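Naming follows writing order (A, B and C), and every chain is counted from residue 1.
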């Protein structure tokens, strides 16, 4: 499925004007802080509205300013890993992870529900966080939080995955471990992914294609 | 002496329930996006906190009195009289405690990191579901503060209540009203007893709230 | 930031002083040709709230004769009595009820010889404008057309006490007791009647004259209750005894009597 993205948006200090697309694998978006990378993700996710443009996931158009289409975020079926993970403090790890599943219409059907929950358990096993199920986010380490956040984002089987600097908050040692896991994850889950990073080494490691944003445009 | 106490508890409880619903509702919708005239509505909500109770009472009398646009309407069409009943007392208590509830709920809501509701949105939740599962639970300690303060204010409400509900023992004579008239008619012993009860009750209420908040240590809960 | 703050604070203080300065000018108008020659002392006068309008008018006239600054404290007689008993500064007390003055006399707080029954009042039945024609006198009170009657709370409001007395003596109290709405003072009774929230009320004639939309029905017979008397007396060992006595005399001049009668009081000679 190909992702197509064209937006222009006026920001505080400059105007964002981009157009890009990619087919599969991982697209890395690099740029300095404040270049507008998170805004790009937010537009794709439907959390921010571009002034003009068009965003499509394959055949499905989720935003088109000329046609007046703006699909709300909750219906876009994307997974988002936020920069500081944004795990709900009032819920346990498991509750966080299955939060998205519970919104699926299939959840009402008993058999389908069991299937979805089983999948969630499998994902937790894969990431090695099943033992943290009942804990609250304030009780787990940075690396564990990151894996919980990632699990939460993919367990709904989204058609697109957005990762906002997923590794930047981790210490060196944890990063090494997580890099390994992420390589595995790419092989297993195969979801088209946009990865924001300011570390060119990460981009080297994981990206199948990359774009660089500077002064509101792609270079 | 029991009747003003029971009456006060009943009136303050009902008033607080309404304060809670209205306060949380307005705090939520007025602080989302740019609502036109937000300042106007907010000022209107907070007004009873700064107006002298006699002014608030007078305005309520005009609205809910027999000739009032609400009171008169109810009287003519449903034969319901509001003034001089406990309902008037509930309305007065609710109006004066609403600002407290609103302020506390508002500050609880705006201190929440917006990223949580963003995450919930990407995970498929409707706005109402986001409110129910994420925003409200996280704002709960602030809201609880608001509830307790509202209740304390409601139970102590006097000036406006006296005007619209009057002083009818057994029907609208709340503790503060009973204290006032006991003092005015020289029944100092009764007055002292009622004052003592009110003071102890309020003290326990607020002390209990602080202890509960400390124990739950909600400050350190951000994941 | 600190500098700005002190500037604002200074401005606030200046305006506060300016206003208090203004307040003090009330009693000191430009003297007439002869000009009062006495000292500009502050005389504290505690008076029943019902005397507010009359005394304010008399005060303006008195300023032409005397430089004394009259500081009035208008409130319910009961509250005033308590204040005086607790030592609040007061030179002259005008009460709306005998009982409150008696209490002070018993406590030895007034100059006994100075005590005088200064004024009288009449109990009047007033009604909400909707009830015009429906209520014709105290006899109407027992009818089903009257669902609510407001009077001051008898234990704390003298007018309320007289009202209850009158209704008892006129033989209607038992039949109307359930309809009674007790108010915390006479102003509240007037408010209820003016806003139509009660059908009628019992107030003093002096208060009835202030009604806006409400109507005056009839005076109650004077013998249905204890005489409504406004005793006045000088307070013992007060700071401005002489100036207060001078004003007290002024209150008994023909001019003052005229003002009181204008506002609905009866003058006891």
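We adopt the following convention: a contact is a pair of C-beta atoms (placed from the backbone, for glycine too) under 8 Å apart; a residue touches a chain by one contact, two chains touch by 3 or more.
Nothing here was measured: the structure is a model prediction, and the numbers come from that model.
Counting C-beta pairs in contact, the chain pair with the highest total is A-B. Ranking all chains by how far their C-alpha centres lie from the centre of chain B, first place goes to A. Relative to the centroid of all protein Cα atoms, the closest per-chain Cα centroid is that of B. Once the centre of each chain is set as its mean CA position, chain A and chain B turn out to be 43 Å apart. One finds 36 Å separating the Cα centroids of chain B and chain C. In whole angstrom, the spacing between the mean C-alpha positions of chain A and chain C is 76. Multi-chain contact residues, meaning those touching two or more other chains, do not occur anywhere in chain A. Residues of chain A touching chain B in their complex: 42, 45-47, 72-76, 78-80, 82, 84-90, 99-100, 103-104, 136-138, 145, 152-153, 156.
Considering their complex, residues 58, 61-62, 65-67, 83-84, 162-163, 166-168, 180-181, 184-186 of chain B touch chain C.
In the complex of the two chains, the chain C residues touching chain B come out as 76, 78-79, 148, 153, 155-156, 181-184, 188, 191, 195-197. If you check the complex, the residues on chain B that touch chain A are 113, 115-116, 118-126, 129, 133-134, 137-138, 220-223.
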